[in-house]
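Chain naming follows the written order as A, B, C and D, and within any one chain the residues start at number 1.
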Amino acid sequence: MNGKSVMECVDAAHAVIEQHRDEIAQLDQAIGDGDHVFNLLRGLEALIELRPQIEGLEFQPALSLSASKLLSTIGGSSGPLLASLLMGMAKTPAPELNSSSLAAMFKSGVAMMAARGKAGVGEKTMLDVLIPVSETFEELTSTHVSSDQLLSAIKTRAEDGMLATREMIATKGRASFLGERAVGHIDPGARSSQLIITAICDLVAGRHESRASDALEYAGRGA
Amino acid sequence: MNGKSVMECVDAAHAVIEQHRDEIAQLDQAIGDGDHVFNLLRGLEALIELRPQIEGLEFQPALSLSASKLLSTIGGSSGPLLASLLMGMAKTPAPELNSSSLAAMFKSGVAMMAARGKAGVGEKTMLDVLIPVSETFEELTSTHVSSDQLLSAIKTRAEDGMLATREMIATKGRASFLGERAVGHIDPGARSSQLIITAICDLVAGRHESRASDALEYAGRGA
Amino acid sequence: MKKFINTPATYLMDSLNGFAAAHADLVTLHLEPLVLTRRERQSKVALISGGGSGHEPLHAGFIGHGMLDAACPGQVFTSPTPDQMIAAAELVDTGAGVLFIVKNYSGDKMNFEMAAEMLSTSNATVIINDDVAVENSSFTTGRRGVAGTVIVEKIVGALAETGANLEDCRLMAEHVNSRLASMGVALKSCIVPAAGTPTFNLPDDEIEIGVGIHGEPGRRRSPMASASSIVAELLGAILADLKPEAGVEVLLLVNGLGATPVSELYLLFNDARCQLEQRGLRVSRSLVGNYTTALEMAGASITLCLLSKELTALWDAPVHTAALRWGV
Amino acid sequence: MKKFINTPATYLMDSLNGFAAAHADLVTLHLEPLVLTRRERQSKVALISGGGSGHEPLHAGFIGHGMLDAACPGQVFTSPTPDQMIAAAELVDTGAGVLFIVKNYSGDKMNFEMAAEMLSTSNATVIINDDVAVENSSFTTGRRGVAGTVIVEKIVGALAETGANLEDCRLMAEHVNSRLASMGVALKSCIVPAAGTPTFNLPDDEIEIGVGIHGEPGRRRSPMASASSIVAELLGAILADLKPEAGVEVLLLVNGLGATPVSELYLLFNDARCQLEQRGLRVSRSLVGNYTTALEMAGASITLCLLSKELTALWDAPVHTAALRWGV
């Protein structure tokens, strides 16, 4: 694992977000300000422009460079949050790279994001996807499940977490201004996080078959 | 003929303009700025509020008072024009009131309006109705036609004049800014003048049967 | 019709009462007839303008030091009446005479003309006709007066403050008018409150090039285009009219028609400025904002004024009005 | 989407380039990272604000004497990034420290927070949350920051010019924020250029009461109503929050959201002023215009600020910026 692996994940994330562009835009129009998908795309495209530099680095330095670039490119809420996630991962001591050190990195990345957002599970944010995912990742790497089982468990937790935001009242982020009126809408950040997690799992699994469900699957208000 | 006759004409004019409100509004929206009918109604309503004073006066003083009131109430192009018409009528020497002195009054009223507007026949304005009408009025009062024949000749000239504006290019007034684009539209001032002339003729003829054609008859663009 | 309004009949007075209350330090509102005058009276040629309402801040927003002494607001898009102009003249004349600044519309001209005929005090009138969307011709009413009026009011207002006499003020107004050209474009019609329906209907992908400030049709309908190509068309017409020599300094006014935010006006300004400099003109003075509106019409107009040392100095002179203020 | 725009991607820079060119006497535009700074540098506490673009003239229009020293514009409706804020601080700090004036949105707060953590020079931050449409609560993000921000920037800007230190400026900003309350209403949604479709859809006869300046839903949809009843609802919420004592003097800001003409804003001002005076409050200062917009949203907001002798004097102090200017 190195800068090349980081860029593979970036490419996978970019592809899946592009594919769900309208859906994510509509989710943020419904309970936010409509910019979430453009923020993500701007950030991911900035990383793609940095490809030569990132690919030339080891794994954690590549994450660290990506974090700074996202921080100075995205803005909004997602900028500091995603930068914190990658920064936290980059800073975690990891003498060797394996699935349990990756799980530890991811856990402290998510913790750094949660600290930045002053948020936890149940507040209708991307953390409703990322915290459960980091828990599953950590739990299952310490047991002896197959890589396939691990990846599919992660994808399931991500989807559950994303879907759970639909019935929540938001207490953090822009949707918190809406009170009850946010209920019935999936959080855009939760959806984008789940899509990216899933795309990376598929990448890792080497399963590149398109799993794109209808791009507008979750955009419908309410149901 | 006295102030009471003036108010009868005002009432007839008010009724017919109210009845054609939307049509006249649309004509002025098409080639002007849309206010013509509101200008007329504001002026006529101001005269109706002055009823006691106007009705207490002789014919020409009543016209003179009405002229001043219109001048300070209407504004726009129609204010000075209609005020000039009535002022010109009020100022014409008329030792006795009969149809030929009325025709002379009307002629000099129209002349005063034309002088104010620096306009004549063929410029796509209310003068395309009023000038022909004043000519017919003068011609026929000097011959021996019946009052019915006179009134119906006036109404025909008024309608012909009004309809003729449809194919004209305007050289005066707001429609002149449009050049060729005004062709195909009847001038709102010509239409309102024709309606008022007709209503007054009907009043004079004692024929109060409603002659209201479809209120939107002439509003259709083009045809 | 979604407007902040109580009833169409009270719209004008409700709005003017708000304006007069918000700017009580600058203006006084008179009723019957309706006139707004400058609070501080000063011995100089008095500048009076007026016209239909719906173009705010024109004209009342330009009453004050260095601009107008009085404004006569008509009904929406309807010229005011002669009694308003006469009252205004009587209220603000200090013996040096009054200059009427009139936009070139039949109604405005006739009403101001009748006022001038009835006035006993010395007065002069200048007719502003800066809109190049309309062809000029001696047989017709000619070009409309639009946003360039603000520039005339500012520059002649500054001259009047110096104590210039009535004839010099009139000549300066004519001079500025001869160096002005404007053209506008609409993205969306306005709605006259009394009418309650849009003055014109513009499909979602069309614009009206050369629109008037009352929603009068312009030169042509055209498909929606990029800001820079819209600017190119407006500037093309303006420059064809003004025919400025290369190197000349110009004042560039980008004026909003009511419903266009300043961010878009600055974007138009950017395109206009770049295109002018490419043609060798120097934008040495500028003004960007909503100065001559058409109710809530979405759209904008561009005005150029060819400057000279004298005009630049008068433009820079202090002004203190509700809508334009600097140097004081 | 009918906007004066070249492409959504170039919208922001085209508009900022126009702004910077039109106000080159007041501001300097820096690229990479994007920062606008005040041209005249002065030894005093530096005031820096910033936030998503689309609210023009906020914030860049308030750079200049008596208000801001720098502004960091983000993408449309997206908080700017920490590197912009750090660059801004480094450009304008004169040793007296910098005060960040931040509207209360997650994104703005987190980005400014990270900038503050990374900055070596002395700095403080104040969070503005004047929008009473949203209930405050210690468990949530709380109220949004909206048009009242302009009043904080003006008053604290005046204080900073007097040489007040960083802590005093911060305390004054908190103090003003505690005496501010705002609420808005939308008649028509805006369109984010990158999205190309309206943020929300409002039927022809409905309005959104309590709308946010990014088109966030408000308290409720309501049928279109008269100006005075809309004003009554906004003022009701504002006064319920501020609970002013009778006889107190207030500053009344009627702010347009972008597509509402000033004539309607003055009409709202008239209704608001009358209703406030009926409740025994005195509108001793006022501001009417487009100061904190939401792209081309049609609508308006009302802000009240409870005044004191000190606040009034700071409000009256000279200010010279692109969008607010008096006394100089």
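The working rule: contacts are C-beta pairs under 8 Å (C-beta built on N, C-alpha and C of every residue); 3 or more make two chains touch, one makes a residue touch a chain.
The structure presented is a predicted model; accordingly, all values stated were derived computationally and were not measured.
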Each chain counted as touching subunit A and subunit D at once: none
Distance-wise, how many Å sit between the C-alpha centres of subunit C and subunit D, to the nearest whole number? 29
Between subunit A and subunit B, what's the gap in Å when you average each chain's C-alpha atoms? 74
Separation of subunit A from subunit C, taking each centre as the mean of its C-alpha atoms, in whole Å: 54
The positions of subunit D in contact with two or more other chains are none
Mind pulling the subunit A residues that touch 2 or more other chains? none
Graph class of chain-chain contacts, one of line, ring, star, complete, other: line
Hey, which chains are touching each other here? A-D, B-C, C-D
Note which residues of subunit B are touching subunit C in the complex, please. 25, 29, 31-35, 38-39, 42, 71-81, 83, 116-117, 170-174, 176-179, 181
Can you tell me which positions in subunit D touch subunit A when the two form their complex? 33, 52, 74-83, 105-107, 110-111, 113-114, 133-135, 139-141, 143-144, 192, 194-195, 197, 199-200, 212, 214-217
Along subunit C, where are the residues that touch subunit D in the complex? 2-7, 11, 14-19, 21-22, 53-54, 56-57, 61, 187-188, 204-205, 207, 224, 226-228, 230, 258-271, 273, 283, 286, 288, 290, 293, 295-296, 298, 300, 325-326
